[in-house]
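What follows is a set of structures for review.
In what comes next, chain A is part of two complexes: it sits with chain B in the first one and with chain C in the second one.
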Partner chain A sequence: MIDGLLLGAVYGLAAIGLTLIWGVMNVINLTHGAMVALGMFGVYLLVGHAGLPVYATLPPVAVGGFLVGVAVYWVAVHRVINRPHLMSLLATFAVNMMLIGAGTALWSTSPYNVDLSLPGITWRGYTFTGGHIVAAAVAVLVAGVLYLFMRHTMLGKAIRAVASNRQAAELMGIPSNRVLAIAFGLGIGLAMTAGGLVATLFPFTILSGGEYQLKSFVVTVLGGLGNPAGALLGGLLLGLVEGGTTPYMAVSWTPVIEFGLFVAVLVAFPQGLFGKRTGR
Partner chain B sequence: MKMLRFIAGAAALAVVCVQFSAKAAAADKTLTIGFTASETGALNVDSMNQLHGFELWRDQVNAAGGIKAGGQHYKVKLVYYDDQSKAARVQQLYSRLIVQDGADFLFSPYSSGLTATAAIISEQYGKVMLTTGAAEDKTYTLGNKGLFQIYTPATHYLSAAMRLIKEKDPKARIAIAYSDDGFSKAVATAASAEAKALGETVAFDEAYAPNTTDFGPIINKIIAAKGDVVVGGGHYADGATLARQIFDQKVPLRFISLLVAPDSDKFATLGAAAEGVTVPSQWEPSAAYKPDFGPTGAAFAAAYKAKFGSDAPYHAAGGYAAGLLLQHAIETAGSTDSAKVTAALNATDATIFFGHLKFATDAGHHGLQVGHDMVLAQWQKKGGSLVKEVIWPKDAQTSPVLYPIR
Partner chain C sequence: MRREDSKTGMLRRPMPWLIAAVVAAFALLPAATGDVGLRETLFLAALAIVLASNLNLMIGYTGYVNFGNVIFFGLGGYFGVWLATGHGWSLYPAALAAGLLVSAVALLFGAGILRLRGAYFALATIGVNEAVSAVVTNMDAWGGSTGMYIPLDAYQPLGGPRQALWIVYFLMIAVMAVSLLLSWGIRRSRFGLGLFAIREDEDAALVMGVNPARFKAVIYSTSAFLPAVAGALFFFKNGVIQPDQAFDLTFSTEAIVMLMLGGQGTVTGAALGAFIYEYFRGYLLTSPLFSNFQLMVAGALLLVIVLFVPGGLVGWMIDRWPRLRGAIE
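Moving on, here comes the complex of A and B:
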């Protein structure tokens, strides 16, 4: 369960990126998985080629992710943002396929690995590795900084204003297009940071992001679509469910449990377990 | 008198001509061996290695004068086509090899799937086919009469590990964790049954998804089950990750044996996590068997390196072993007649550089390999660096077993 909780924080961070973009601009970002994978390769390349210490690679990966996100927004999302949801879905899917294709050409689909060995904590025969503990701490820290940013900075407030009512925000003089681009960049930056953290724990391929994209969907549904704080709680809950069920059943059943929960929450709590209740 | 001289001269010339043509006939005798190789397609790498094994054997046999049987010397001629790693091509090409090319004997293609297809054709025409690069058992339970398997069957991949555990640590609690794919599942199911038959305790037995990267839940279950040894794995990516995470989570295991992954030299990059991990392998260059005939492992490895410029992988060794065994059977039978060679192969019970070879002769499993032991290799630290040593069977051992590993 503790293992699950540690991993759940990283799931939560990845999902915050997805839910932020949905919450601000109503776009289901299907580049999410590819961006998580790019974050993994970002860490791998910065460690291997630039010789940076593993955790020192996270800030440049996050900043790089932000810039990539802003670029993707202007190239692929901006033109279709006011059109039906299917258009933005297809646009982000197309970018996803291009990224996966380019990644496959560059790095093939062979597994890569970031060497990291930190002393862990052993308790009753079970060892919680240092990598897991640090990853969870970084995820919670980043989520906390994001919360403070959204609550206490002008830009954060502008993002929330655009998310709440874009037209009203524009009437108040907020440049909504720029704010949307920044929000998309933030979402991708968070996805790539989460990917970077996963790379410190497990081997990965350019296709590995797909698994975390699926988990992010489950987490956002648990936490409430468009609710970043709920996404972190949703991630922790998913981690707990994974950690809590696997001792009692074959690990092959874990996805069944996860997606069963996904469907159950969608049916019983369409706004998510921690989502805002909206009146009709 | 002139007439007499003429007759004597003509007779002498005739004798010389007869002797010359007899020598020419002896030199011209060839034995055609047909097969397909995957020169293209997914199986390309391993299949080419197997082909290299066949070619090295042919070159050495022909350089030594050919196969000797019934007072004749037969030069070996290999006839093969690219099967593109596709079963449909195998079916067409084996028919062609037999009907058009007049193949006297057959070798199998690479892989269990293609071999199963080739076996249908070889059996239809009553041909003897030495199968190599094909470990699946099922083909040998279908009543085939002319197939002879060189590889240890998939169901015995972990036999050596189980017997080693029985000898070293009979009370060990065995955890079997394996990739949920056909081959790994067959290996693990057989390993579980064998462990129970040996009176060992299987404390944990579970499959994981082939693309698993987080083994935390599996490892926690192994700890909860108080597993002392872990056997299983699947392919490179999952096996290497499992070994790494077992090490990171400080699981106090006494022995680890994983399929495929530790056989790769790349496995040594895991560093301390690789130390002590064992892998079942069909053959290792350092395996020190004392052959009843044919080259030693070292001689084969050296000849291979001289010809192809790289270390001999076990697929190449399997190819060479198939040729060597066919040659021995023909020479023992003293004939190239299929029935006599089949009888000689049925009676084979010999050790070559590849290990001990013996075939099942009962109708339900005819041709199944029952003599060959998987070699168990272990990563051990020697002079500060990790090297793969053969630890089982004992007659092939290059280093004592490291047990317990941690």
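Moving on, here comes the complex of A and C:
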């Protein structure tokens, strides 16, 4: 249960990356899963080849993710941003296919893992694994920093301005293209950081990202598309649901509950559980 | 019904003739040569055309992106195999019943998710796909994650396995023919016009007297029928059905790539895109240079189409030679 909650924070972080991009530019980023997987492999490669300690690999992975995101924005997203949804979905999906294809060719689809042993904490007979605690702490920390960034820096304010009204922002002298590229980079950076955190907990393959992409969709929908704070709450909720149901039923049923929940929430509350209620 | 103009002829309205020619070629070529390899290639191409044409009804005609179209195919396969093996039905009623059952299921799903629009709908279809796949994986009656096998004597009523393969092939061609005719028929009907109106502007369509809720429910359910029949045929021929294979999300998205390649919204575009993509993929899989990068090349292709030729092959041709507009549907 508590492990579920800790894991939920990581889901939340991944989902913030997705929801940020959606909120700012109305694009559902289907490269999300591939980026999460790249984050996993980023940590693996930096630990294995550069010999960095596990957690020291996260900042370079995040920065790398930012750069990749900016590049993807200019190549694939920039031209389709004002076209129908189908186009941006397909453009990001195409990039996703290319990344997964390249990753499969490089690393095949066999599982990898990052060695990490942290002492767990035992409290009243329950043991919490160290890795989960650190991962959750990092996730919450990053989410907090992002919040402060969006609230209190000029760039953060510019991103929010572009999100709420691109034309008005442009009139105020904000270079909206550059701001959008930065926002996309941030989203990807968050996805890769979350991927890196997951890599410290579980073994992974190049295809694992897909699972977290779907979880991110669930979380995003729970929290309301385009609502970062909701995404974190949604992540915790999903973690709780996962942790709470596993003792009572086979693990293989968890996806049924998750996606049932997903579709139900999407149909009943398109604004998300924690979203603002708009009068219909 | 629209009034036929007096100059109707093969040249003005070539579509029915084109469809007839394609179907005849598909049916006769392997039968005449007895070439089993060619038959298998064309079988997959026909399947691709079925999936892409029916997806076109949703994406191209109505403007609703269905990322989970593979569930129709997969569920149809499951119903078909289950009826054929578990209940001793023969293939024909089993495939037909699979189609009807899946259409009913689609009506049920549609009642919920068709209330969503745009990207929300697209996301919900992914969710439905995963949920259905997870449920089937857990259904012991359908073999859970190991799936179901078809015993060899199930092929006896069709005259043994060898003969059965040919029969299933011709059935698939028939399903393809019906798909193409259905797409063409809907395109020329009032009903199709209503769908196009929904695609352009759903609220305006509502004001103009189109009932979007009913139109969308009907087209969603219709677009489920033939893929389900095709799924029953495919997995009957395959001899085994497993959740991973039946609900493979990449299969759904490949159908979307086919549609974009050929050009969404037209019968010809969907069929052409499916045929070309299927051949192209076969080539990539077998060529030593590209076999590892098949997915990458397909992704790059899709990106180029989306960014630079959003109308697909047919859209590009129509832009180039505007006189084709009347002929290609």
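Throughout what follows, the second predicted complex is superposed on the first by the 273 of 280 C-alpha atoms of A that agree within 3 Å, B and C clash if a C-alpha of one lies under 4 Å from a C-alpha of the other, contacts with A are read in each partner's own complex, and residues count from 1 in each chain.
Operating definition for what follows: a contact is a pair of C-beta atoms (placed from the backbone, for glycine too) under 8 Å apart; a residue touches a chain by one contact, two chains touch by 3 or more.
Everything quoted here is computed from the prediction, not taken from an experiment.
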item: Superposition on chain A - do chain B and chain C clash or fit; value: fit
item: Chain B versus chain C as contact partner of A:Thr193, first or second or both or neither; value: neither
item: Touched partner set for A:Gly243, first chain B, second chain C, both or neither; value: first
item: Superposition-derived comparison: chain B or chain C, residues of chain A touched; value: C
item: Touching partner for A:Phe217 - first (chain B), second (chain C), both, neither; value: second
item: Which superposed partner A:Pro203 touches (first chain B, second chain C, both, neither); value: first
item: Partner chain(s) touched by A:Leu86 [first = chain B, second = chain C, both, neither]; value: second
item: Partner chain(s) touched by A:Asp3 [first = chain B, second = chain C, both, neither]; value: first
item: Partner chain(s) touched by A:Asn29 [first = chain B, second = chain C, both, neither]; value: neither
item: Contacts of A:Pro111 with chain B and chain C, given as first, second, both or neither; value: first
item: Chain B versus chain C as contact partner of A:Ala94, first or second or both or neither; value: second
item: Nearest Cα pair across chain B and chain C, whole Å; value: 5
item: Interface residues of chain A shared between complexes with chain B and chain C; value: 250, 252
item: Footprint of chain A on chain B - complex, ascending; value: 180, 206-209, 211-214, 216-218, 220-221, 223-224, 236-237, 240-241, 244, 248-252
item: Complex contact set, residues of chain A against chain B; value: 3, 7, 111, 113, 117, 120, 122, 125-127, 129, 131, 201-204, 208, 211, 242-243, 246-247, 250-252, 254
item: Residues on chain A engaged by chain C in the complex (per definition of touch); value: 26, 28, 76, 79-80, 83-87, 89-91, 93-102, 104-105, 210, 214, 217-218, 221, 225, 250, 252-253, 255-256, 259-260, 262-263, 266-267, 270
item: Chain A-facing residues of chain C, complex; value: 59, 63, 65, 67, 112-113, 115-116, 118-120, 122-124, 126-128, 130-131, 133-135, 137-138, 145, 249, 253, 256, 260, 292-303, 306-307, 310
